[in-house]
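Here is the structure we will look at, set down as structure tokens.
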Amino acid sequence: MDFSFTDDQRQLRDALRGYLERENSFSARTASARSASGWSESLWRGLADDLGILGVGVAETAGGAGGNAIDMMVASEELGANLLVEPFLETSVIGAAALGAAGGREAELAAIVSGDMRCAFAWAEAESRFDPAAPATAATRTAAGWRLDGRKAVVTAAPYATHLLVTARDGDEPALFLVGADAAGLSLRGYPMIDGRRAADAVFDAVSLPEAALLLRGEEATERLCDIATAMLGAEALGVMRVMLDDTISFTKERRQFGQPIAGFQVLQHRMVDMYMQLELATSAVYRAVLSLDAAPAERARAVSAMKVTVAGACRFVGQNAIQLHGGMGMTDEVRVSHYFRRATVIESEFGSADWHRPRFAALSRAA
Amino acid sequence: MDFSFTDDQRQLRDALRGYLERENSFSARTASARSASGWSESLWRGLADDLGILGVGVAETAGGAGGNAIDMMVASEELGANLLVEPFLETSVIGAAALGAAGGREAELAAIVSGDMRCAFAWAEAESRFDPAAPATAATRTAAGWRLDGRKAVVTAAPYATHLLVTARDGDEPALFLVGADAAGLSLRGYPMIDGRRAADAVFDAVSLPEAALLLRGEEATERLCDIATAMLGAEALGVMRVMLDDTISFTKERRQFGQPIAGFQVLQHRMVDMYMQLELATSAVYRAVLSLDAAPAERARAVSAMKVTVAGACRFVGQNAIQLHGGMGMTDEVRVSHYFRRATVIESEFGSADWHRPRFAALSRAA
Amino acid sequence: MDFSFTDDQRQLRDALRGYLERENSFSARTASARSASGWSESLWRGLADDLGILGVGVAETAGGAGGNAIDMMVASEELGANLLVEPFLETSVIGAAALGAAGGREAELAAIVSGDMRCAFAWAEAESRFDPAAPATAATRTAAGWRLDGRKAVVTAAPYATHLLVTARDGDEPALFLVGADAAGLSLRGYPMIDGRRAADAVFDAVSLPEAALLLRGEEATERLCDIATAMLGAEALGVMRVMLDDTISFTKERRQFGQPIAGFQVLQHRMVDMYMQLELATSAVYRAVLSLDAAPAERARAVSAMKVTVAGACRFVGQNAIQLHGGMGMTDEVRVSHYFRRATVIESEFGSADWHRPRFAALSRAA
Amino acid sequence: MDFSFTDDQRQLRDALRGYLERENSFSARTASARSASGWSESLWRGLADDLGILGVGVAETAGGAGGNAIDMMVASEELGANLLVEPFLETSVIGAAALGAAGGREAELAAIVSGDMRCAFAWAEAESRFDPAAPATAATRTAAGWRLDGRKAVVTAAPYATHLLVTARDGDEPALFLVGADAAGLSLRGYPMIDGRRAADAVFDAVSLPEAALLLRGEEATERLCDIATAMLGAEALGVMRVMLDDTISFTKERRQFGQPIAGFQVLQHRMVDMYMQLELATSAVYRAVLSLDAAPAERARAVSAMKVTVAGACRFVGQNAIQLHGGMGMTDEVRVSHYFRRATVIESEFGSADWHRPRFAALSRAA
């Protein structure tokens, strides 16, 4: 709560912030999102080559920066504030964590560090909804390794990923597989998200995989991976909300009504105080979740689910008020707050909405 | 409240609904919104020629259908449910009301009925925000008539309007002028709204107008026009919310989790009941506002402002829950609920947010 | 919604209001509530003799005023505004409706009109909670009539009732019995409610009843009786909220902070507007529910449950804000708003909380 | 956040909890509150003699336990959980802090430790409302010392206090005076609070005080004292909410509806999760505020005001849901949750409501 960053973490944050301001201004970012491909390869390469940030969570032995969860949180918050569309979360958080947990895999980890690998996380299914530990997609053992059959929905970043991280059921047990985006039998149908990123529905029709495609197995390994992803999504949300609050304060100081800046109206001041307080509560919850990622499974899951409920509420409150306090301008693509609002709306349900995390939290609280 | 439509009104509703389902399916509508022009001339012509709906509120003496406020409400609700991007509200509600109140103007009213005129309502300004009765744009008398100087912001439908209805200040008094979109000295800068419609910022640089450009004058006339517009926007919101609720119920019946349709989860059922109740409350408020449009100014304004506060809250509650109950799919452009959600978000602040209407209501309540 | 009372109804309202101001001032009412008996026999007699209000809903053939549901609503609202502790709802609404529906029973109805009978409605049970149609209390046929065995909880007004209206199960079917408060085998344990009224837990240990004790039978008859009671409780709530709002407006006009009346603070003004709007929404819902009491069962139940959800929310919002806007004074027994707040808190859950009525509404909506 | 108590603090908590369970059971506590005097002298003596808790925050040099803010927080939470009516906050928090800050005053501090002194804090005024730094009560210099003139409202514990701590204005500057309850010219009018404690309105009519009556002077000293009081009130609120949540969980496990414990209903489970989360957020905020009591004034005030807003919201949410989830029983004096609910309602506005602390927080945030 009275969280103090180390000097290194402050340097990381400042370097990343400065770099993104220069290299991925809001107009550059929007141009990437609206381009045919939906992302910027040169920015991605720059994040790897100029900053080395893509390997922030990869062990030094594999060529990464060997950062801890706090380092990753710092980076995620800045990338959120920049509204980055490139798949840092999917690649450098989820991909790095899965490959790291799998053991070995130095070549693949090096490809993350260098920017050669871009991941997408294919876990959600229309049938099983948000439960990552119970996929309907089937993994069947074959002589050569594995065969995957099933469907995944709303796989963000899939249209520009080199690899998919796919959850599938081996018998009763969930498992995670690394699948090349060009695998035979894998077909993708892409579409835009409301926040400007791209996603795809994926069909796995007898996709053949080598033995080594299996990265993780078991409910706990799957849940841990999702908890890490959710925690870093929470950090990203902090950056998104920070920009919305800053923009709203600036806007209301500039605009005038009845002869005074609208920021002077008591009702709007109180609203902005409440936005600020929501952001502070969300910040505390994210820190706590990040610090619990290496704790016992139940404690970790509890902190992450509590955080997601808090962050979801904050995203809704801060986002809705930010856009409405901008008045008519907030309803146009002209001001960036409308884009941040849409990102906040997506984050609210990403990796499970409050409706999903509340009973998970409750179940763990009863067990405790 | 126990509002009963007449047979004619039911026929109007059914005819309009059927026509729009055939002629402006969701994919056709989205194609129009994404086209270069941002609207469909053929649909507009069809609404005029096939249905005669553009003149629903125009007097029969001017070739219109001579409908009353309830007829217009019925039409507005259906057009809202269709997520129409074409400027019915600006033209057939605001334009027809302004020209009708001005007296005479048969030729222009006929152009509304025939579909030849498309209006945009240029009233909002960055400086004066939501107060339509106190524009900073100046109208100056000239030998030939009038000269307009000023700037208007977020003029929806301006990029495809033939005429702008412009509020301006003549001395201390607000007034309304009809300006051709091709007037010398008028420049527009267009951009998309987050709900798929187009808007523009407009600059009036010594725009010369004939005497007859003046349509209305005085605070009461201006406020009445905005109240009519706001009431019909409220009706439109009912249609928007109805579709979101219907789609959410259908979606939650189809999707399954833990072996049962997610509609079976008590928490989600209660949420949908609350959405339904919000829609019912909004419906009562809209009926009441529409029925008060011909009442005394204070009573009319009070009912309209109370309605807007209620509708704004309902739009937020129904919209947010609709999109979140759709899970990940709700976050994509693939399902129509995400488009309706964005329209509901815009409606929340259009013609004044709850923060604007609440003190207006309060001031009128104290006066009473 | 644009509900217009008849002249008779306005007269009834004004006469009742004037009478209560004279005869049951707030200090007189509080003295009654705090007296050993917890009520005032002289006030009760006055309501019967001076106003004839206890028979407002009793047929003229039985000596009553033959009023309709609107008349009863008008009376209930005024009695709510007076914070009456005497059992009008239990006697003149529930008792009169049950005896009226039973047919015959002129002597008992006359005792209601004259003030000789005071009822309590014994329906809630610790086990079956709010479901009046499924009591665990058992009614067994005997040679002489009936035998009752069971327990009822929180029977308001029981400590000063002459008769209890008791729901019990005859086989699978719910039924309603009239039981004298002095019946052998009936024991009561009284205690105060937080709103100043008295209640009791009742034990029925082989209570023998004559054949004629049976008033009503069947789920529909029981539900209808509860719906009537709930609708009139809603009307009572309107009176309670009206006083809280009036007192809050007065208080904030008198009190000063930083040199101006606190009513001048924008944030508090908006709060009071929201309180007012909640009261208006609740009023619409109560009218609608009252007007549906003779409609088909499903429509009636739906309107009543929707109303109770709306009224419960309004009671919480208006009550909480009323007491908090009174500052420290609101937290004392000195100002009457703290008593109205406690009554509003009780009403929120009386005859089923929002959590109970929401699924009931949902079930009926699906059936429709 | 991951706050760890020391062994001593855990011992303090356990000892206090055990003692209160034995010596101040809920029925004993309620008997004290309802007694003629409204408090229990023997319990107060026991807290001093058996536990030494009244001097928890008094320096060891003055005979106290020399505890820090965390120790006081631990004690306050337990006393809140016990719903203590005796004036620990007024005496052992506010009185001890004021006398400690004044310097010297060993005799008076010793009287706090021994239980001989009981304080009340007379700061609120009808005119100046919640602003402790701008009292209207006047302090005038005299030859002998001071003269006080003014009125204070809702002075909790005043009816059984030996001393009043009175804020008054010396010229432009606020100051704090220690006044014996039997001082000539001081008159009290006592009344009950809705939470069972007693309060009084106090009139100071030319009350003569010796020079030494002046304890503190200046805005910062006054604000600091109020911030300490508010922080400990927040700790007390944690105890109050903990009991309400525990009682609600137990109650919903015991009660059955439709054949299952009502705790099994998903909607109620989610509600209880939200109650739990509100309590966790409030806990974090209280810890942060307590830890900031010795920080720079702006940081301290900011943390305390943020905490009060958070705690006020939590008190309302937890309190309202606790009482409503108890159904009809929650509305009686029979179950203790109704008493805790009333205490939570009072705490919401004590030492300034959210409406007061929100702009204070905003002003400090802008200054930062």
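Labels A, B, C and D are assigned to the chains in the order they are written; within every chain, residues are numbered from 1.
As a convention for this text, a residue touches a chain if its C-beta (ideal position, glycine included) is under 8 Å from a C-beta of that chain, and two chains touch if they have at least 3 such contacts.
Please read these numbers as outputs of a predicted model, since none were measured by experiment.
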Chain pair, A-D or B-D, that carries the greater number of C-beta contacts: A-D
A-D, A-B or A-C - pair sharing over half of the B-C contact pairs: A-D
Farthest chain relative to subunit C (centres taken as mean CA coordinates): A
Centroid spacing, where centroids are CA-atom means, of subunit B and subunit D in whole angstrom: 53
Subunit C and subunit D: spacing of chain centres that average the CA atoms, whole Å: 37
Interchain centroid distance [CA atoms averaged], subunit A/subunit D, Å: 43
Touching two or more other chains - residues of subunit A: 266-267, 270, 355
For the subunit B and subunit C complex, residues of the former touching the latter: 1-2, 266, 269-270, 272-274, 276-277, 280-281, 284, 287-288, 291, 306, 309-310, 355, 358-359, 361-362, 365
Subunit B to subunit A touching residues, read off their complex: 124, 126-131, 153-154, 191-195, 199, 255-258, 262, 267-268, 316, 320, 323-324, 327-334, 338, 341-342, 345-346, 348-350, 353, 355
Interfacial residue positions of subunit D with respect to subunit B in the complex: 265-267, 270
